[in-house]
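Two complexes come next, and they have one chain in common, chain A, joined by chain B in the first and chain C in the second.
Right after this comes the complex of A and B.
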């Protein structure tokens, strides 16, 4: 019984850390335009819209976070082998990894923006200095929390994978969950804030991103502020649910039916999320649409 | 007709000769494994190939809208095909590896459900963000009626787009893709783990197999992740860009990926086996 209670506590802690990781990851990637909306940031100068938005997208979020979390976990494991306290080891591993992320962000921004020089897009040194450090700070939170989750899985819950491998697996999952949930909010709601609410961006409007803020030109810190209101927390809930429910169903129900208990609970959870998804979809159809009669739409 | 809705000029047709060559090469590699390493290794290689096929086939179910989806210009999840599938499949592999000691069937099922659960949560959150965060209902750009729910789609598309969000068939496709990917990744991991647990103590001259357990788990895990990415990227090349999942016409391209995944998994699998012989 004690083992189960301990497992529940670790699961709750891991779920909470995952929620923070998801929120930090999405905000970091939105400040750096690392998700799919980077295509619009890159396209805008080519359409004549010069901007001050940061763009460090030379890798997708999942592989980038896979690398950073695996690196952070590997360094943390190295420090632990040198008899460092695990908490200190994870902090040091994450801090060193963030330096790599900073080099990545700097070279990526310079490379991507310099390639737009023929369209008159300048490289803003003040943007480079102010945005890079902010993405590094957010990346530290995301990497530290993810490596801490991996440590809990390995040391407290007894998962067989070593720490760097867990870092790679959950780093990729973190990037996948964060980009899937947060990208539309940043891409549609922020970059195309002047387009109508409740409709997709017409393809003809591609590249015409919002470039001006309440005062002066908009930069990526404004975008981070906006993403942190919904896209970030939603990504946090997404990754938090994934980590928490995956651990919860295993820790509590794996002992039932020689492991089949956890699988049956997993199937039930999938059905529950399917019902919720269908409810939201039907609610939206009843509340928002239709935009045209079916006959008109077909013609 | 817009750029997104345009039919691909090439790449959709099946080429029988390259597919036949691919199948023959796969069989040659399995035969070589049988001759060089014995029947048990050849059976393990077949298991690895089946795992690769499950991953490649599963990726075709995952609805991925890429950059257009991030602007609400096309349906699907706003990220890359290979990366999303990898995220789900590796989450499944995590669960499968954890359940490895409970037996083959439980581990495979655990991996499958782990991948499916990750996709179910992610797809639900995508719908939630589209509906409550952006006020956009789900609408397919490829089919007039959703094949599962029967909902009409065209009248919910906003002007100038090819649809948006995740229609119900895309949601179901995402979950199926996660399940197949999780099962495939776990199958590859288990096959390699058995081989490494048998062979590594001999190679490393370790008296107790438990001493090399960590090495075996790490090696099998790394190879499983690597093969997962190989098969996911191959499937992404086959899909070329965005897909709505099983309802998308591009889904019919999967036989070509089956052959490519079989061959790629055979090559990667025999390398993974040979390093401990």
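Right after this comes the complex of A and C.
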């Protein structure tokens, strides 16, 4: 019994850390216009819309976070093999990883912008300096919390995978959660506030992203501010639930039927979420759409 | 049939880069064998140089492959490269001193099969597909072998599977190989992914490739403190840091050369309406 209570405690802690990780990851990637909003930022100068948005595409979010978390965990593993205290090892590993992330961010921005010189898009050095540091700060939070989750799984719950492999798996999961959940808030709303809600992006509006802010010119910190309000928490809930439910079903039901209990509960969870998703989708369609033709909309 | 969208050819021909990459990488991997011959670990840093040669070649191979309009496939090509390379690398480590050569041969076979499947079974029909996937698999295998030699001072199976506290603290057992996998997978795709566009320049991309590898190698050199002696790890760290600082500064200079303008805290420059 004590074992299960301990497991539940670790599960709750890991879920909380995951919620923080998801929120930080999404804010980081949105400030860098990573993931699917990137295509429009990349396209904008080609359509004549010169912008001051940060554009750092380091692969998609899942592979990028797969690297950051695997590297953070690998460095932490290295320090632990050198008999460092685990907490210190994880902090050092995450901090060193953030340096790699920051350098990748600068080269991604410089490379992409320099290759767009035909369209007159200049490199804004102030954007590079101020945005990179903010993404690094958010990336540190995301990497530290994720590597900490992996360490908890490995050391407290006895997961058989070594730390870097767990980092790889959960980093990819983190990137996928942020990419799938958080990006629509930025890519489909924030970039297209000039379009009608739900109108989609017609070809003629491609690349016509919002470039001017409430006051002055919009940069990616404004997008980070926006994402932190809605997209970040949504990603946090998503990744937090993934980690929490995954560990919860393992801790509680692993003893039943030699592990089959946990598998069956996992399948049940997928079914429950499929039903919830379907219900929300149908409800949203009925309430907000489908996007009606103008004459129908008048009535 | 896909259309080749070659915005810019220019620069060094791909065959020359391939020859340089393959030979340079193999020579550098073999130079780490001096560790075994001299019963030391100070030659581990050649592993980093092997990866530089391999990935400079690999990034150009990705450019050749992805100029057939596979934009979002750039990161996937990097993952596929290392994914097929890791099988060849692990298999080859069993063959002692012949390991790098075996890795190249096995990776070539795996890459050719995967390229055939992609082209003929999945019907992607890209003329350079089989050749490029073969090249990328070899690059992936050499990359992992180079990182393994950098981290542990050796590229054969027994040292890679034994750490200070047994298997669980070894390069493979502690999954440092997963770190090497991701470092390589991102470093191989990033140079082209980050410099694609109408004003792509080969020298800028290849410099970025070297920069990405040196940066990754700095991290691997830090991890190597857990596997090799202090002296060897410090030498690796110094070599990789110097290489990174040089290539990073060169890349920034090349970006400055190619950029439309280099502005600090200036407003949006609206293009003149024709």
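The rule we apply is simple: the second predicted complex is superposed on the first by the 288 of 299 C-alpha atoms of A that agree within 3 Å, B and C clash if a C-alpha of one lies under 4 Å from a C-alpha of the other, contacts with A are read in each partner's own complex, and residues count from 1 in each chain.
Here is the rule we go by: a contact is a pair of C-beta atoms (placed from the backbone, for glycine too) under 8 Å apart; a residue touches a chain by one contact, two chains touch by 3 or more.
What you see is a predicted model, and the numbers here were worked out from it, not measured in a lab.
Residue contacts after overlaying the shared chain place A:260 against chain B, while chain C stays out of touching range. Counted by residues of chain A touched, the larger count belongs to B, out of chain B and chain C. In the superposition on chain A, A:60 makes contact with both chain B and chain C.
Once the two complexes are laid over each other on the shared chain, residue contacts for A:168 go to chain B and to chain C alike. Using the contact criterion defined above for the overlaid structures, shared-chain residue A:15 touches neither chain B nor chain C, since it reaches no partner.
In the superposition on chain A, A:232 makes contact with neither chain B nor chain C.
Once the two complexes are laid over each other on the shared chain, residue contacts for A:224 go to neither chain B nor chain C. Shared interface residues of chain A, touching chain B in one complex and chain C in the other, are 60, 63, 161-162, 165, 168.
By the touch criterion stated above, chain B contacts chain A in their complex at residues 2-4, 66-73, 77-80, 83-84, 86-88, 90-91, 93-95, 97-100, 102-103, 106, 109-110, 113-114, 116-118, 120-138, 144, 149, 151-152, 154-168, 171-172, 175, 213-214, 217-218, 221-222, 225. Within the complex formed with chain C, the chain A residues making contact are 42, 46, 48, 50-52, 57-60, 63-64, 66-67, 70-71, 73-75, 77-79, 81-82, 96-97, 100, 103-104, 107-108, 110-126, 161-165, 167-168, 211, 217. On the side of chain C, the complex with chain A involves touching residues 74-75, 78-79, 163-165, 168-169, 173-176, 178-179, 181-183, 185-186, 189-191, 193-201, 204-205, 208, 211-212, 215-216, 219, 222-226, 248, 251-252, 254-256, 258-271. Interface residues of chain A, counted against chain B in their complex, comprise 35-40, 60-63, 159-162, 165-166, 168-170, 172-173, 175-177, 179-189, 191-192, 197-206, 230-231, 234-235, 237-238, 241-242, 245-246, 249-250, 254, 258-260, 262-263, 266-267, 269-270, 273-274, 276-278, 280-281, 283-285, 288-294, 296-298.
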